[in-house]
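Below you'll find the structures, each written out as structure tokens.
Both complexes below contain chain A, partnered by chain B and then by chain C.
Up next, the complex of A and B:
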């Protein structure tokens, strides 16, 4: 009974963290058809922003929830204006350029923070369920992810901004004919996407020791989640992170975390082989 | 065609003969050997990406597989001839399986990138986690993140005590690179190569013309992997240790940067890109002011933005613009209309 509860919480946590990791990439890919391979490094920068400001005496929740997204969002804005803007519509070139950016950021972080592990303790204590100890922070991540997904849904469904965003997603030419500048929409989207990446990185920072190369651990997971999710933004994100989170966590429990990761990656390969356009390319067509 | 092929190979061999003796005056042969190995690795991706249009994010998987195949079989056999052949065959067989799965599933561009990246990561994670002594192939322990040291290095076939090392190893690498280069040139001139280029330009049209594009892409992918595997086998001999770092994302990124900087769609470009950037990295590694990952990243971004075609095509365009036109005009005035048919 206790074991079942722990397993359930762990699976929910895996799904939630996968959704959190992938949200920023999904927004940028879904709206702009740009694959940002520097996504992992944006997360890494978010983590550093949160830890640095927490060490300077800022409340950790303010540092994670407000400062990190803004800092990384601004970095994203600069990147978009300087680099990405010139490469719209050239999928492979944007992937290569953002991969270059990711190396660039790793280099910067190594020079500034050094090649050592930086960490911060989790601000929420753990508690016991029967014979097991659960990390209280896992609940925080689950709640944050649920709130985040609901907020994204609300913005896209109910606000005028969301309507413009969805319109641009469906048909950029039509949106521009109606007087909305795609250039500015893309700029705003990239800002939001990077801010989300920084947010996710900051939230996860207390759980992992940060090194300049820790972005690489996130990018592969985020990448497969978004691609396997397919064209629909939120249902794709939810369905693929549910699937991969479940597979990964069950195998982690059954064997070891490494086997869990490998099982998740193999599941991704099989899924793409069966559904080359991702989950929402076949199911939930035309949904958000 | 055959005549110009012979002419070209004669020129290539002549230039190679000059370079093989000239280069050691500038750089020591130990460093040169690894530059040649990286050149071969660059050429392998240049072949499948530049001529086959297959963007593989995990070319380093085949490099690593080749190195591990060499190390494991060298420990078990104790002689280097067969292991070097294994280092070609194992990655090629692996790539053929992987390619068949991808191309018969009609996966293209981004999805291809994801699968190759993911497979590389799987290998990286798997090899990294094999530190415990239960992971043994024959007498070779996989060693996890410690890698496999202490295997038989390259020797004269049949005589395990006569090692090929130092200068001899450099000549061996040079010969291997020239042979691979000539084989690639020959392949691209054959009908297989021209159809591969056709597939790169328009997959659907080639398949409507009756060519089985899936099978052809799979074969090309396997050939690329075989070259990368040979480079891996040689690298294992150079480094005398193989580690999971061979499968890392950073290594993958580097191969792609070499191709972009050198120039896609050329045979020489990826080799030059690989050798010069690897040498640059070597030089940068001697100072600690600026992190060399930063420089590599900056180079990739700047090339994608300002010189997406790469160095070699840019130089040959420049050459054609400054000298080619004049020569053409001269010829035109001399021969009149015959130039039109020669084009």
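Up next, the complex of A and C:
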């Protein structure tokens, strides 16, 4: 019984962390069609922003929830103005440019922070469930992800801003004809996407140590989740993270974390063979 | 000026001779010590302090009047954590720089990349790192701790403090696999039982499911030969789940690259380890070593296990040269094989003639306040794992890395 509860928490945690890792990419790649290979590095920068400000005496929650997304969002803004805005609609070119960016960020982080592991302790203590101890931070990640998804849904669905952004992504010429500047909207959307990546990196930083190359560990999972999710932003993100998180964690428990990752990748291959356009290419059509 | 072929050859030859002559005369004045270490890139946390220790050792030798009346000169290359560069620089050291000895290599892969080059060119080679054991080659001397030396001391101590049921979490490559075998062996010998064994590739950083699994098995002790930055998060997550006070934890790798200074005291306090060196050893040799380090580099915080191994390796070699009274490789090997000892920061280090490994002190330690408090010192432990498979006195031409069978 206790073990069942632990298993449930671990599965929810896996789903939540997948959704968290992929949210920023879902906006940048899913909505804007920019293949952002520097997504992992945005997360890494978020982690460093949180750890650095926490070490400077800022409250850890403020550092993670506010400072990190703002810092990385601003970095994203600069990147968008200097590089990305020249490349909208050129899928392969964005790939090359963002790959270069990722190398650039790794180099910068190495120069500033050194090629060593840094980290902070998790701010929430563990607690007992029957005979088991659970990492209290897992709950925090679950709650943060739920709030994040609800917030994204609310902004995209109920606010005028969300409507304009979605409209511009679908048809920039029409948005332009209606008096909105696609250039501005793309810029703002990229800002939000980068801020989400930085946010995810900061939230996960206390759980895993950070090195400048940490981003590489997230990028594959993020792309798999977003691509398997398909065209619908939120429901795609949710359905694919739920599927992969569940499969990965069940196999991790049954065998080992390695087998868990293998099972997750196999699930992705099978899924994309059956549903080449992702989960929401077939189900939840027309939903957000 | 019109340049014909004859004139061109004459001038270039003269220039070449002018350049070459002073370097030839210089070569006679110093003893050349080659060094290949990763002082940049992913392994620089290991390599940088190792290089600092090497500089210190050479300075000490030179301050004491050098060797055979000559000063020692270091010719060092940064291999940038790139295995391909090891082969390249090893060739350069033996062919172009014609060094008298080479110290270096960090990962086992880097050692195997250059060991044969050294052997073929008859250049004496020292590998000064804690490793998985089993290398049997008359041209190499190794003075890091091997798994049996550590595990033999660590397992009975850790089991004595906790209980008989042991769960092992190991890195999934030769070091972790071999070490896990040794742990299993010593757990059984001490009347215990290995209730679980999991291997993790070096990039696994999420240990949530593993921690739950360990709890469902319910061991008394977890031993973790985990390696690298990603695996460090195990110790973090273990503490974050509140497991640290419930199940005892020991490791054969934690702290080798000063990992315990990256984690917080609350996360590491009480972890049991066994090494040749701790900054907290209170001996005249270590205090002098730390004072020298501080004088040269500011603070002594960066000293770690394998930096000290490198330091002790250079001093052992110097002792061999002094005893041999020559730079001839075979004379130095013969002198080292008499069982030479030096008194290093980690204690006495003696060359084991049979295996060319080191007989050394192993200190049982507990992490405390981001330091390693020495609980007990086991003096002069033999490298029993390598001794079981390697006998260079009987087979001087042996040139293999044995996998130790159980």
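Keep this in mind: the second predicted complex is superposed on the first by the 288 of 288 C-alpha atoms of A that agree within 3 Å, B and C clash if a C-alpha of one lies under 4 Å from a C-alpha of the other, contacts with A are read in each partner's own complex, and residues count from 1 in each chain.
Keep this in mind: contacts are C-beta pairs under 8 Å (C-beta built on N, C-alpha and C of every residue); 3 or more make two chains touch, one makes a residue touch a chain.
It should be emphasised that the depicted structure is a prediction, and the values quoted were computed from it without experimental measurement.
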- Quick one: classify A:258 as touching chain B (first), chain C (second), both or neither. both
- Task: Would you sort A:232 into first (chain B), second (chain C), both or neither based on which partner it touches?
- Result: neither
- Message: In the overlaid three-chain picture, which partner chain does A:242 touch, first (chain B) or second (chain C), both, or neither?
- Response: neither
- Query: Can A:12 be said to touch chain B (first), chain C (second), both, or neither?
  - Reply: neither
- Taking the superposition as given, does A:132 touch the first partner, chain B, the second, chain C, both, or neither? second
- Message: With both complexes overlaid on chain A, does A:165 touch chain B (first), chain C (second), both or neither?
- Response: neither
- Taking the two structures together, which residues of chain A meet both chain B and chain C? 213, 256, 258
- Query: If you look only at chain A, which of its residues touch chain B in the complex?
  - Reply: 35, 83, 86-87, 91-93, 95-97, 99-108, 110-111, 213, 216, 219-220, 223-224, 227, 256, 258, 261-262, 265-266, 268-269, 272-273, 276
- Contact residues on chain B for chain A in the complex? 55, 101-102, 105-107, 109-111, 113-115, 117-119, 121-122, 125-126, 128-129, 249-250, 253, 256-257, 260, 290-301, 304-305, 308
- Query: Quick one: in the complex, what on chain A touches chain C?
  - Reply: 3, 6-7, 10, 13-14, 115-122, 124-128, 131-138, 206-209, 211, 213, 217, 249, 252-253, 256-258, 260
- Note on the structure: In the complex, chain C touches chain A at residues 40-42, 44-45, 172, 198-201, 203-213, 215-216, 218, 229-230, 232-233, 236-237, 239-243, 246, 259, 262-264, 266-267
